[in-house]
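So that you can tell them apart, the chains are marked A, B, C and D in the order they are listed, and the count of residues begins at 1 in each.
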Amino acid sequence: MSKNKSRSAILLIYCPDRTGLVASVTNFIGKYGGNILYLDQHVDLEKKVFFMRVEWDLENFKIENSKIGAEFDINVGKKFMMKWELSFSDDKLRMALFVSEMPHCLYDIISRYHAGEWHVEIPAIISNHTTLNNVAEKFSLPYYVFPIDKDNKKEQEAKQMELLKDLNIDFIVLARYMQVLSDEFISYYPNKIINIHHSFLPAFPGAKPYHSAYARGVKIIGSTSHYVTAELDAGPIIEQDVVRVSHADSISDLIRKGRDLEKVVLSRAVWFHVQRKILAYDNRTVIFT
Amino acid sequence: MSKNKSRSAILLIYCPDRTGLVASVTNFIGKYGGNILYLDQHVDLEKKVFFMRVEWDLENFKIENSKIGAEFDINVGKKFMMKWELSFSDDKLRMALFVSEMPHCLYDIISRYHAGEWHVEIPAIISNHTTLNNVAEKFSLPYYVFPIDKDNKKEQEAKQMELLKDLNIDFIVLARYMQVLSDEFISYYPNKIINIHHSFLPAFPGAKPYHSAYARGVKIIGSTSHYVTAELDAGPIIEQDVVRVSHADSISDLIRKGRDLEKVVLSRAVWFHVQRKILAYDNRTVIFT
Amino acid sequence: MSKNKSRSAILLIYCPDRTGLVASVTNFIGKYGGNILYLDQHVDLEKKVFFMRVEWDLENFKIENSKIGAEFDINVGKKFMMKWELSFSDDKLRMALFVSEMPHCLYDIISRYHAGEWHVEIPAIISNHTTLNNVAEKFSLPYYVFPIDKDNKKEQEAKQMELLKDLNIDFIVLARYMQVLSDEFISYYPNKIINIHHSFLPAFPGAKPYHSAYARGVKIIGSTSHYVTAELDAGPIIEQDVVRVSHADSISDLIRKGRDLEKVVLSRAVWFHVQRKILAYDNRTVIFT
Amino acid sequence: MSKNKSRSAILLIYCPDRTGLVASVTNFIGKYGGNILYLDQHVDLEKKVFFMRVEWDLENFKIENSKIGAEFDINVGKKFMMKWELSFSDDKLRMALFVSEMPHCLYDIISRYHAGEWHVEIPAIISNHTTLNNVAEKFSLPYYVFPIDKDNKKEQEAKQMELLKDLNIDFIVLARYMQVLSDEFISYYPNKIINIHHSFLPAFPGAKPYHSAYARGVKIIGSTSHYVTAELDAGPIIEQDVVRVSHADSISDLIRKGRDLEKVVLSRAVWFHVQRKILAYDNRTVIFT
């Protein structure tokens, strides 16, 4: 994915913690003339794991983009058993949107895309319903319908996966997509599928969380964006936010207030992902802000 | 509990919803010269229950305090099958504090009491440990120790209840008291025992919620004050609040941040209770703010 | 604006405080068979002003819609010197949107409108630039351009006002419209023009608040929606919200985080207005929630 | 202040930004066997200033504590024109508390101190009133009264400064101290005096901010802790927080809600200061969290 005229390079790293890690990485960058724009690191002292995000200006960097990864691995990565991921600030990630019948997250994402807030492409909006086709059409975005029922789920998912592969999709956003993805599907996109769940997880997983929140009489409701894993609503959390409610709020008030949370929390998660600011590890996320 | 020179009367009411409820109550007050200072009502449209809090100035009110309740019941309450509770703004509620070994909530409550923030008496601080006796002593508050183990729980609780009765206690605050009260104890104080749980309920009930929150990787932690019922951490919620955390926060950071939440959330709940601003119904609370 | 088959009537009232106000209003409604769905009142004890919002079901109400106002005024309003405003839940307010070049609030409003979140009509989007015409077009909404410079402002405003009058506009939303309206314009729409200011007012009024917030080193930024009055950014506040920032956030980060606040805070204000939940008095608002 | 058996060393650094800074610092630490526990850095890209906080384990560090500063300066600091400050995790800062008549912040601070939340000494509580002497006495803390009026301010401040010097005070906390300190006083403690202002600065500086907030009709109130500089309420902000209010809140409700904010926001600021997590630069703060 590397190109030759990127403005900056971004390296996400994790490895067993030991002395000299930061120095080794920054020495490598400095040695070839890279000017560090951003560096953040985190050490999980309990598990003894080191996490780092470093971004540097490529203007005077002496290694060409296509060789940076290999050079880094030989000089630094292998020595410290690093898992690393290199990207460039002008790479445009290709995002697929999965939706069902509720439009608020879709509208929010498309309007950000259209206003140029995010550096992404949207090659596909995928749904099990035709309902939101009219939204996609307004913005001339391709809309694919895969109606799913009990009998055809496996087969429809296979078609979805084929489409995603054909379109060279980098990551998937479930914008209130009401279907549960199969483990197989999920396994193809580890930490690449972002979901929004309309509760403050781990409270109220599963269906109808606003109804449950109302019944429990909570004074605050929330929304949670997370990477999808095989266990439902249990993947690594990327972002959460909350809003105050009271006895005076009916279930429909919770739904109304929750919609605003959902769209903002989902969009923040997408933004972190697109900016390569997330490292998921052991079902938790490190978010470099 | 009524006296003759109260400044204002407070009536908390709930009953089946029907037309004419607000008019009947306000007509009763107006007819005897009461000037309404505060009125708030709420209708649970789903369950068809009406809730109301009304407070009026007693200066020119023509019924003497000791007879207001009976007059109200005859004129209004019975007709609408109202459950109601009358109190007076200068009644001083008697609060018992239950603590264990952590001092932050105790300090917060005592300092509010000492600064005159609340209109209460504290006739007893009760603990299963001697640890916080020194705090009580500083403020010359009576501190009673009832060490509890597996074998003596029933017997010790009986003694606690006797003490509470002797001291004419109106309500109980569990200020990080780490013991589970028996169903029998709880049944004596329905909606009169306020607990603080150090999580955003219903997430992480039970022991060690900060450890669970850390393991789950949440981005926000919370605190919940609620009335104690037979089911652990499942009583009607009075107040909740949250604070943002990140991957950089260790468990001890969560505990540190959580302490500030706990004391504020518990104290808000006590304040609502003391101001007679809470109606608990069907495991939810109406909070008249 | 009244019709015969409204589902409910909404009365917003304020007047000098005295005894018997709530009873008089609720007696009037009850006498004619109205079932109160919602009642909230507030007394400003300092200024001795009474505020009330009451909503009742019209199904069995014995006065026809077109006569309710007059009957209320004769029976109750005049007696208490009430200022009141009657509306019906199925009235559809006609909203004009004023925009300039930033699309985020416009997108947010249009998508809510299109998704049916609000019970309004949008007969006009008005701008001093052609920039956002493409957004309006996508949703087939009429877009009017009135380019404004130093010399033609008065004349262009006159044309805008004529258009608003022709279109029978009920209220105006300034969705990041960057022009200051003249006092004359404002005087035609008292408490009918909602603005979003991108700061936590009264901090940082006027131009470039994010730049000022950055320079001041605040740890939280905010957004404020308010009714427009002759004094710039000083009208009655309807809603505010905030988001945490840090030293790591550049001005462009503040702008990015602020955009999400702006659209949510503006939309909440519009929702309150459309639901007739706002009474503005003495440069403050009573919001019946 | 260095000792020989510290558990960890903390270095706060700022200097003009250039390549190689992180590598130089971490190389220095690594070369002498230090294991980095925490590293965070920030670059102000606009002003081209580099900020860093690094903390390392001293167990196997080969330079003795008293020589670390000099060695660092020779090897790294001078070369990059660094301003730096070295401290050790077991240094106990000596804090003076200035109070007036309101007790809530004082109680909060003393109870944290007493519960061992902070690693500090409190050699003096200083006041212009005798009011809070009883609080100090309860905790056996020395309480000094310097009554201040228009005529004796200069002279009393001189005595205060002498006392602070005698007691070897490291930093000062103004816990709702209602006096304005002279420029001279302030100049002796640059970025060493922490104030709590009871508004969301820069809104409502100066006296009676809750009254001003009420009059302006804000929907959110705040609290701000900052370092004191010559210009009133205009020093670098350390921490802010807010709480929602409504039309139903009177001025005394704002004061009540604000008290809880004040104590929490002040205590967070003190905690950051004690943990050496703050770098103040150009009237802004970098807070390493």
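By definition in this document, a residue touches a chain if its C-beta (ideal position, glycine included) is under 8 Å from a C-beta of that chain, and two chains touch if they have at least 3 such contacts.
Every value quoted in this text rests on a predicted model; they were computed, and no experiment measured them.
> Centre to centre, using CA atoms, which chain is the farthest one from subunit D?
C
> Hey, which pair has more contacts between C-betas, A-B or A-C?
Result of the comparison of A-B and A-C: A-B.
> If you average the CA atoms of subunit A and of subunit C, how far apart do the two points sit, in angstrom?
Subunit A and subunit C have C-alpha centres separated by 36 Å.
> Averaging only over C-alpha atoms, locate the centres of subunit A and subunit B and give their separation in whole Å.
Roughly 42 Å separates the two chain centres.
> By residue number and range, which residues of subunit D touch two or more other chains?
Subunit D, residues with two or more chain partners: 45, 246, 248, 289.
> In their complex, what parts of subunit C are in touch with subunit B?
Residue positions touching the partner: 19-20, 22-23, 26-27, 30, 33-41, 43, 45, 244.
> If we count contacts the way the header does, which residues on subunit D are in touch with subunit C in the complex?
42, 45-46, 51, 200-204, 216-220, 222, 236-242, 246-248, 250, 283-287, 289
> Sort out for me which residues of subunit D touch subunit B in the complex.
103-104, 107-108, 111-112, 114-115, 117, 138-139, 246, 248, 256, 259-260, 264, 267-268, 289
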